[in-house]
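Letters are used for the chains, namely A, B and C, taken in the order the chains are written, and counting of residues starts over at 1 for each.
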Amino acid sequence: MAAQAKMIKNTGWRLFLQTVIGRAYPRVIGTQRDLSWLFFDIFFPFMSMIGYVFVYRALQAPEEYIGFVVMGGAMTAFWVNILWSMSSQLYWEKETGNLSLYIMSPTSMMAILLGMATGGLFATTVRALVIVIVGSLIFKVAYVVTSFWLLFAVFSLTMVALYGMGMMLASLFMLLNREAWHLANLAQEPIFLLSGFYFPISSFNFWVSLTASLIPLTMGMDAMRQLVFPSGATLGFLSVTIEVLVLSGLSVLFLVAAYFMLRKMERLAIREGRLTDRLN
Amino acid sequence: MNAVETNDLSRIYKVKKTKKQPAKTLVALNHVTMQVQQGELFGLLGPNGAGKTTLMKILTTLLAPSSGTASVMGLDVNKDPDLIRQQINMVSGGESSGYGLLTVKENLWMFSQFYGIPTKMANKRIMELLKIVGLDDRANTKCSDLSTGLRQKMNIVRGFMTEPSVLFLDEPTLGLDVGASRDVRQFIRSWMEEDHQRTLLLTTHYMVEADELCDRVAIINQGRILACDTPTALKRRLQHDAIFNLLVSTLDDHDLDSLKQMPEVRLATMKPLEDGVELEIALEDDAALSTVIAYLTAHGIRILNLSKREATLEDVFVSLVGLSMKEVENGSPG
Amino acid sequence: MEIAVENKDLRLKRFWKTFKTSAWLGWQIESNWTDWFLFIIYSIVKPISGAAILIIMYSIVSSQDFSSPIFAYIYLGNAFFIIVGAVVQGVSWGVLDDREHYRTLKYIYIAPISIPIYLMGRSVANFGTRVVSVIITLLFGVIFFKLPLSLARIDWGLLTIASILGFIVMADMGLILGGWSLIIKRNAWNLGETVGAAMFIFSGAVFPLSVLPKALQVVGYAIPVSYWLTLVRRAMMPENAQAFPMFAELSNAQLLLILGAAAIVFTIVAVLIFRYFDYLARERGNIDMVSNY
């Protein structure tokens, strides 16, 4: 073997960025090499959304509620991406032995998780867009966007806060074994319920709505409904301005909490020897 | 500075109470103290369940010790894990890491990014290493299409490509065929010779591997280091013992017990074969062989073959533990 | 060397033993991931939160008129649909779990057992826990929303026969999906849910088929689950079933006949399709593949 030139290794933000790109790569490649996701990742959530549309039709609900379901259906794509393709993904990484390799490397778990989320974002966004566009066309949903930039800001803040929350959840999943899948499964319907995917959260009493507002999707969807549907403002829980402020706060809170929780859970998992548990 | 150092290191697992068993503690490592110098190829030899992997996990910051200290390149595993991770890497035997739908090169590139290696440099190094291990023609093969042995070769490249100061290999040739194992051992040797600052800690339960590769070997069993020295020095401890292999026509347990009770006989084991029984005895000196032969002849046992052999690390292990590695793994009294 | 020819009795014994063992295995996996308390919480919270979404949707639109027949229709259909999801998805989940997670599918395959029987047994525990979920959901509805269910008024005979036939059909669907899972890679995990979601819409589970556009209503008539759900409604809440004239032109006997015929047809089709997928999987070397990324 010839003598090697000294190997350069980036650190700091360069390492962070390289890690995000590196971990996003398998996801991005997956969407190209295994095209079955086009059917499954779009058809299933689309079908679920249609089911709820027809429930409202059977109940002869106002047409705007159909719009709520279409929007909620699109947003479930992001929640499912967080829950299954990011948070509980660490459980699968542990099973295959990748988790210990990630922990052992000099990069940060936040970068790994962000890479997972980013890599899945393409498929998730396609899924959400298909649901919104096709759903709106089929069910003739009418939108009245009062402010596009505010809508974009709300959506962006919701995503940042949501992914921060996802990273926090991921830190818990580092400790778990098979119960990770069950707990993720358990989290689905209650989140759908409390976030008001298919109905305005003002339908709950004030305190339930307030508690549910800790979930970024709750505030995000409530604000987006107010910005795109004529009756949104009357059915909104809090004003859009307050909800934007809350989302901003939640974004910072969840990202900071994610940083500390990831480190804490990693230390705990190392102390209890749970990083390499398998087949439980 | 020692590359690796442990001081009174212990790791205890608490097993929770279940319906079928009470709560208990499992001592995986028991007050282990050892040093590995920089530039050394250090072997950890012991049967399955001896504590080798537990020690590796602690040193690679994947597991915290219950008590005692451990450091890598002068950095404490508890206090400075982030700094340690910049300087180490690990390869385990029988790994299934990586992603099936990525190619060999893509998987390796991905892991290189987690170490901050620029893409151009990473790809160059990856191809060089793939050529050395004989995997360059499979660089664009999906990992899911690789055999177990080829996948392990890919994992070995993953460990070496980041140019760690300290590399941990945990049973790296597990699952590899004889030829591939030989190639890997050759590669390890040449990698170490390339840069004398590199340190490599290898665990194995293959005696030949430890004997062939390691500058020093620590023999570990039930979480304790029983001996630590160069392979030659370890074997020299038994030099005064004469080890003979006899192929006899027949031998039963009673005969074996009788032989073991002879004062000149240090150790005796037997293994039934198709054409007789293989009797292996370690005697205090060559002269004691006549006593053994006299016993066998007196009991109508024909000697079909007789040879003397040199002590091996297996013999060292047996002399320390009283059982062979296989017997320890099987949990049998021998 | 003589080779023993297995007679019918021995074969049936072997099938039963395989089924029993795989059912035991399924229960071990289904139940031992946590302590009993959390397991009970999970078994209660999951179905009720699913029902709660529909309850809230209903209460917003109807101003909480829970005595309306449409509420009972939605609630009962949603509760029993839990079983559809469990049975249909259960078999394909067994394939994926054993192949990708526990990596034991290849060893099961080389054992002298019937793979379909093994997969059916493996999913029985999931079915059992979902039946409990259905009962919990119904109880919740009776206690909190005065669901008009009365044990005395249930036609147990009709319910039992319908459930047996319905289970056979659903198990056959599960077997087809299980076979399909053998040859799909990553997105096999979504297969059962996707089919379940489609059936949710077209089986009249939570809204009468008449709500769908006419062209799509035809699909509902082709799905055996629609007939099963109608029979369940007629058995458990006959007055409610009359308020929604789905299959009104068909009597209970006719519905049972259709469901019975579907059970026979689906069983034959499922066995044939599974054999085909099984052959494809072995030909492609998919039995021991790992596809997660």
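FYI, a contact is a pair of C-beta atoms (placed from the backbone, for glycine too) under 8 Å apart; a residue touches a chain by one contact, two chains touch by 3 or more.
If you're wondering where the values come from, they're calculated on a predicted model, not measured in any experiment.
Relative to the C-alpha centre of chain C, the farthest chain centre belongs to B. Chain centres defined as mean CA positions place A nearest to the mean of all protein CA atoms. Chain B and chain C have Cα centroids separated by 51 Å.
In whole angstrom, the spacing between the mean C-alpha positions of chain A and chain B is 45.
Note on chain placement: the centre of chain A and the centre of chain C lie 29 Å apart, centres being C-alpha means.
Chain C has residues 185-186, 290, 292-293 in contact with two or more other chains. Multi-chain contact residues, meaning those touching two or more other chains, occur in chain B at positions 96, 99, 101-102. For chain A, the set of residues touching two or more other chains reads 26, 30, 34, 96. Of all the residues in chain A, the ones that touch chain B in their complex are 1, 3-4, 7-11, 14-15, 18-19, 21-23, 25-26, 29-30, 33-34, 96-98, 100-107, 112, 267, 270-271, 273, 275-276. Those residues of chain B whose C-beta lies close enough to touch chain A in the complex are 11, 13, 57, 60-64, 81-82, 85-86, 88-90, 92, 95-99, 101-102, 106, 109-118, 121, 125, 128, 132, 162-163, 190-191, 194-195.
Looking at the complex, you find that chain A touches chain C at residues 26-27, 30, 34, 36-37, 39-41, 43-44, 47-48, 50-52, 54-62, 65, 92, 95-96, 177-179, 182, 185-186, 189-190, 192-193, 197-200, 203-204, 279-280. Only residues 33-34, 38, 42, 45-46, 49-50, 52-54, 56-62, 70, 74, 101-102, 184-187, 190-191, 193-194, 197-198, 200-201, 206-208, 211-212, 290, 292-293 of chain C touch chain A when the two sit together in their complex.
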